[in-house]
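My questions all concern the structure below.
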Amino acid sequence: MPNQDEIFTWVHTAVEAGANVAFALSGLLAGIRKQLDVVGICVVMGLAAFGGGTLRDVLLDRRPFFWVDHPGWLWVLIGTAVAAIYLLRTTHYEFTERAIQWPDALGLGLFTASGTQLALAAGTPALPAVLMGVISATFGGILRDVVCNEIPTALRDRRPYAVCAFVGGWVYVFAVRFEVPPATGFLLAAGSATGLRAAALLSGWSLPAGRTSAPRD
Amino acid sequence: MPNQDEIFTWVHTAVEAGANVAFALSGLLAGIRKQLDVVGICVVMGLAAFGGGTLRDVLLDRRPFFWVDHPGWLWVLIGTAVAAIYLLRTTHYEFTERAIQWPDALGLGLFTASGTQLALAAGTPALPAVLMGVISATFGGILRDVVCNEIPTALRDRRPYAVCAFVGGWVYVFAVRFEVPPATGFLLAAGSATGLRAAALLSGWSLPAGRTSAPRD
Amino acid sequence: MPNQDEIFTWVHTAVEAGANVAFALSGLLAGIRKQLDVVGICVVMGLAAFGGGTLRDVLLDRRPFFWVDHPGWLWVLIGTAVAAIYLLRTTHYEFTERAIQWPDALGLGLFTASGTQLALAAGTPALPAVLMGVISATFGGILRDVVCNEIPTALRDRRPYAVCAFVGGWVYVFAVRFEVPPATGFLLAAGSATGLRAAALLSGWSLPAGRTSAPRD
């Protein structure tokens, strides 16, 4: 019978795989919508899946990157892009967009918790460590949209995303401060970010924005 | 009575604070103009204020970043974004845009001098060291505009900005070469970049650009 | 009489110079087309010429960058930008665009081979090492287009470019695995990437893309 640590590791890997797939699929949809070619679709999928974690690692000066250590995922990504070009029909789009919301929310929690954990372990103070978690979870999508020549969705759609990561990051910081066992703190942080995101999706809660009557110069 | 070093440090900190606030406010105005939500406004403010220095530090392989060492500024930034959403009225815009030109010019000088200084101290040759100063002073604004899906103002408005930083950086390099005392060299460099920018703003001097009859593909 | 190594080094330097010039000229044309000022043209030329190699070096944590070690090239770049603003006429454009295709194809091969080589030497596994070669060869153009507020050409024009680099990178990996002498492996890799690109340009071969009937949201 597997012990608790093994189960935790197994669940972590499974959630991470699902999250990477969800992030990559968001890149796939964006790339097809922008009529990119197969190279463009691969690049945008790669940015969406690995961009946030890679930027966090550059900022924390960590090596090797996830995709250098686990090149198998890059083959999965290339294979998915090629398959999608031949198989994906327009009618699949809306279904895919809705379906990826849930693994994406799991990924949000997982990247937040692991980003904050890595930053704290590297000696980063609390608020910048939380921001490293937020960057891990959100900058993949931001880079995807910048390369697709759009204002990033995460910065303008008023649906809480980075905010959920921000709260989850603080849950991790306080868990560490109150000496909660690491695995429990990780689950609490990931769970609160994911839970908040799910609640936001279900309730339609929206963030404030600037006055919409602003001059558009 | 404080000695000269203490006064220099105090002035440096005050100018740096003013410059960061000016850069962040330029991000705030851009974010509101693009109708970003509160998260987007924070991200764009953060890029405008800290993006140039962070990129310089990544290129020079320096850690920790300014905002990791001084997380208090991040709270100021988040507070300003939230306050602005509720308080900023359209009529404040033009006033703010004009008002931030002057602390922004101070920031231009300060970031140029400190970026060039850090690069030379890390053993960078003269021209790349000057470019590190220019990058510190300008890439915050460039990243702000890229994320807002605009061609960066600094690259197309023909008003001298990076050019002033370029001149200021060379002033620092020559001050070091002629063994001017460090604080004096710093002030000369920052002063000449800021002074040139102020002169350009007041005189309307404009840079050459390519032929405007260029084909637009 | 020079020995083989000296000839190899000399050819390498000459091809690298030609490639950097071709990449910079692509930035010059993009900058003029977007009506940037002289600063903008320099920035876009610099990104096109040095952006890919610099990003590769940041990812591999290598210092110093090429342009820090060889600042002379930066002067060439600045001089070219200034000269182009006064000398370039609209009728030169189409000629320049066609003329730079060939040194650009040489640069593609060279950057692919050297990027893959550097990554393997740093202990990177095969696929990520090949991607480092692809990044060296392509991200200069991608950064150029992002800053010019365009969807990058390399991601959407369906003309093989990154794909040629990808094949060339694998040629290098297999040359190393089968213990081909380093200089021969380098030439085989660079030659196959350049040759494929030339064949693609001459034959009009095009990559698959997503369904063009995709909803444009």
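Letters are used for the chains, namely A, B and C, taken in the order the chains are written, and counting of residues starts over at 1 for each.
One rule holds for everything that comes next: a contact is a pair of C-beta atoms (placed from the backbone, for glycine too) under 8 Å apart; a residue touches a chain by one contact, two chains touch by 3 or more.
Per UniProt, the chains are A, B, C = Trimeric intracellular cation channel family protein.
It should be emphasised that the depicted structure is a prediction, and the values quoted were computed from it without experimental measurement.
J.: Compute the rotation angle for the C-alpha superposition of subunit A onto subunit C, expressed as a multiple of 5 degrees.
T.: Between subunit A and subunit C, the superposition angle is 120 degrees.
J.: Over half shared or under half: which fits the residue numbers at the contact of copies subunit B and subunit C, same or different?
T.: Here the answer is different, because the shared fraction of interface numbers falls below one half.
J.: Taking each chain's centre as the mean of its CA atoms, how far is subunit B from subunit C in angstrom?
T.: Each chain's C-alpha centroid was found; their separation is 30 Å.
J.: Multi-chain contacts only, two chains or more: what residues does subunit A have there?
T.: Subunit A, residues with two or more chain partners: 58, 61, 146, 149.
J.: For subunit A, which residues are in contact with subunit B within the complex?
T.: Within the complex, subunit A contacts subunit B at residues 58-59, 61, 124-128, 131, 142, 146, 149-152, 154-158, 161-163, 206-217.
J.: Touching subunit C in the complex: which residues of subunit A?
T.: It is residues 31-41, 43-44, 54, 58, 61, 63-65, 67-68, 71, 74-75, 84-86, 88-90, 93, 146-149 of subunit A that touch subunit C.
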